[in-house]
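First, the structure itself, so that you have it in front of you.
All chains are identified by letter, namely A, B and C, in their written order; residue positions are counted from 1 within each chain.
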């Protein structure tokens, strides 16, 4: 009996492993397809709204270039140069085609290529946003986990209180306080500016730490809160009772069963949080004097430079969509059941 | 429900704080001791008897500007919340009843609005469409409306598919009566929670926009604007941002506290809370062998 | 069948405790359970002894306290519920004052359980085979590969067709009957001496129910497993049990050998249960409410 088993085992393993891989690949593809099916309409609608902004705003490059008292003929000439005299849908089609090829057009104010301008600022913003996400995830996970494990004790209440406190602090308020205390008063950090990572990791970190901390408060609070409640909910599930009854220790039950299922909602929160992170960068970059993506958005918007604003919005939408795609893939890996029949 | 919210200490605190803020918004401009726009030579003064919170870089009385600016901030956040409520709840409830095409379209629209970084979008829209905090707030309201859409849709779905509503319809109750008696009761608490939250979110957005100087004409005071002007003179008056920052934080906190209180007194969480209290009261001996099964 | 007995005796050898038939592995004495939230007693004194290879049945309607009694023996009473009287001895140890570590070492290897609605008792995010293998790996301290081999044998032993395929599937891909078999496999993976089957066949259709009961009987014969079978259905109890307790509103109204209780019921409530069964015999088709 034992000999036959020993022979049988290798034969048995292979088909299972193969089926497993096929399964996994299929799942990844299915998740990708579903996510894309959701995001393509999102992208279309969002870009359309973005593009419609110009018509709605009634702004024109002629005003910016020629000033307020230009003749109607001059305005018409400039608008024709920019192709603004064509039907709306033709303009949209052209612009959308450009977007698909990475061409976001040229700025009304200085004629520079918008893709290049945004590319310059993106490095700064992504450094800060990534660092903020990192802080948010690490601190949020730690707080949420500890609160869930010590639920209904004073530790839980203290963490919940702290999380509530930081969740109501808007990024720009935190930013100002950080600048006032840590940069201006204690001189621990530079109060403004940015140094690329290539010029030294230390200065780079020093410059992005304060803005990242300011942005991270919201993420920390949301991740901690969501993780706590989904972990507490997961602890109430029958499969936890099942694992306990099978004699698995508390640590194993937590890491292998509770955390895995509790992670899903927290990850989804992260996906939802990303847009507000991008949005808040407008304010934090203003406070910390960073020439990033958000600052560029603010400056272009205030200058009435419509193509630049459209470009910023498109890039932000792409960022959000890509990030959410990534989150969905991770989610599909962590909690396969949740992906079913959504 | 209001009585039950007030029964919770957190609910009482939230209501009191919000009431104070509301009083500031209504009577603030009248309470202002000095003209909030009047400049003087006494710039960047520290707090004193004449200027309780000091003066800003143009010598204007900070307290007066704070009181005068409260109206814009509070009205703005209410506008955001009410716009979001109307824009979100109506299609949210209708999406359950108006067929699959309407459902699909509204769901995609909600997806889209959620994916937009709303502060960025608000900045862009307001700057391009121009001027006025009201337009800004209407746009922001639309951008945050998916929260209401989802909440009202989920609650309506749960009710529409629940067996007791089916039973009520089968037993001959009119649709209107079913909606009044069963749907409202279930849909209202989550919407109230979302509303309280959105007022807080609106507050942050108004402050952020005014901080950036968007949607307001320069001399007019706002809480965000005060912070922005303080930022430039941190080395002279390091504590200046404290008061407007605290006001913003406390208001947002009170909104969230109210949202939590509403959530606590309605639905399952409320019952768990009560049970916990009763159990604690009943358990005379402190020996408590690992309360929940999962904890052991 | 030789595979089954071979596999299932191996764990028993591993735990290597002398099995004295006279010594009860589970002994419940006058156990009282109270709901501290409501401040009232739910179970008013339940007693029984269980020796290896024997089966005790607990019957009663929803809310009669049968599930609570089992959960007390497993140390997994819901929040606010506490044992307020009597004692429970597991393999000679009084469970009051057990530490978490002591419970962890006893569960799975001395006492284990399967429940109604098996899908919910398995983690939806982990392949079912991996969950059985996890128990083997942790409780028997074997390597990953060996655990996998033993798991597939175990899945075969609980009569799952194509165990290799089942190993790699998730709960939502399996039927109720298959899930209950997986749950049984996970429960007996570490060779427990007592298995509690709490309404384990309730949600299954009749043929599957009969197969699962047969499987439990097989396991009992071949490994000397002691069973506690909880059901609202007299037929299930009659098929498996040596001794029956009839519970009503937390009170044991009748207790004795199955044959005795079924044929000479002394309490009116037992007679009512039997009469209803004879009259309708349909209750197994109705999915009853889960009891608290």
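Basically, contacts are C-beta pairs under 8 Å (C-beta built on N, C-alpha and C of every residue); 3 or more make two chains touch, one makes a residue touch a chain.
Keep in mind the model is a prediction, meaning the values are calculated, not measured.
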Chain ID, smallest distance between chain and overall C-alpha centroids: A
Chain of greatest Cα-centre distance to chain B: C
Averaged-CA centre spacing for the pair chain C and chain A, given as whole angstrom: 48
Euclidean distance of C-alpha centroids - chain A vs chain B, Å: 23
For chain B paired with chain C, centre-to-centre distance based on mean C-alpha positions, whole Å: 51
Shared interface positions of chain B, touching two or more other chains: 276, 292-293, 296
Sites on chain C at which at least two other chains make contact: 76, 100
For chain A, residues contacting two or more additional chains: 241, 244, 250
Residues of chain C defined as touching chain A within the complex: 2-3, 6, 74, 76, 100-101, 104-109, 112-113, 115, 117, 120-126, 131, 134-135, 138-139, 148-149, 152-153, 164-165, 167-168, 170-172, 183, 186-187, 189-190
Chain C-facing residues of chain A, complex: 1, 5, 9, 12-13, 15-16, 19-20, 23, 237-239, 241-250, 252, 256-257, 260-261, 334-337, 340
Chain B-touching residues of chain A, taken from the complex the two chains share: 38-39, 41-42, 45-46, 49, 53-54, 56-57, 59, 152, 164-165, 167-170, 172-173, 176-177, 179-180, 184-185, 235-236, 240-241, 244, 250, 253, 258, 272, 275-283, 286-287, 294, 297-298, 301-302, 304, 306, 309, 312-313, 316-317, 320-321, 324
Chain A-touching residues of chain B, taken from the complex the two chains share: 108-109, 111-112, 114-130, 200, 204, 207-208, 211-212, 214, 224, 227, 230-231, 234-235, 238, 241, 245, 248-249, 252-253, 256-257, 260, 276, 292-296
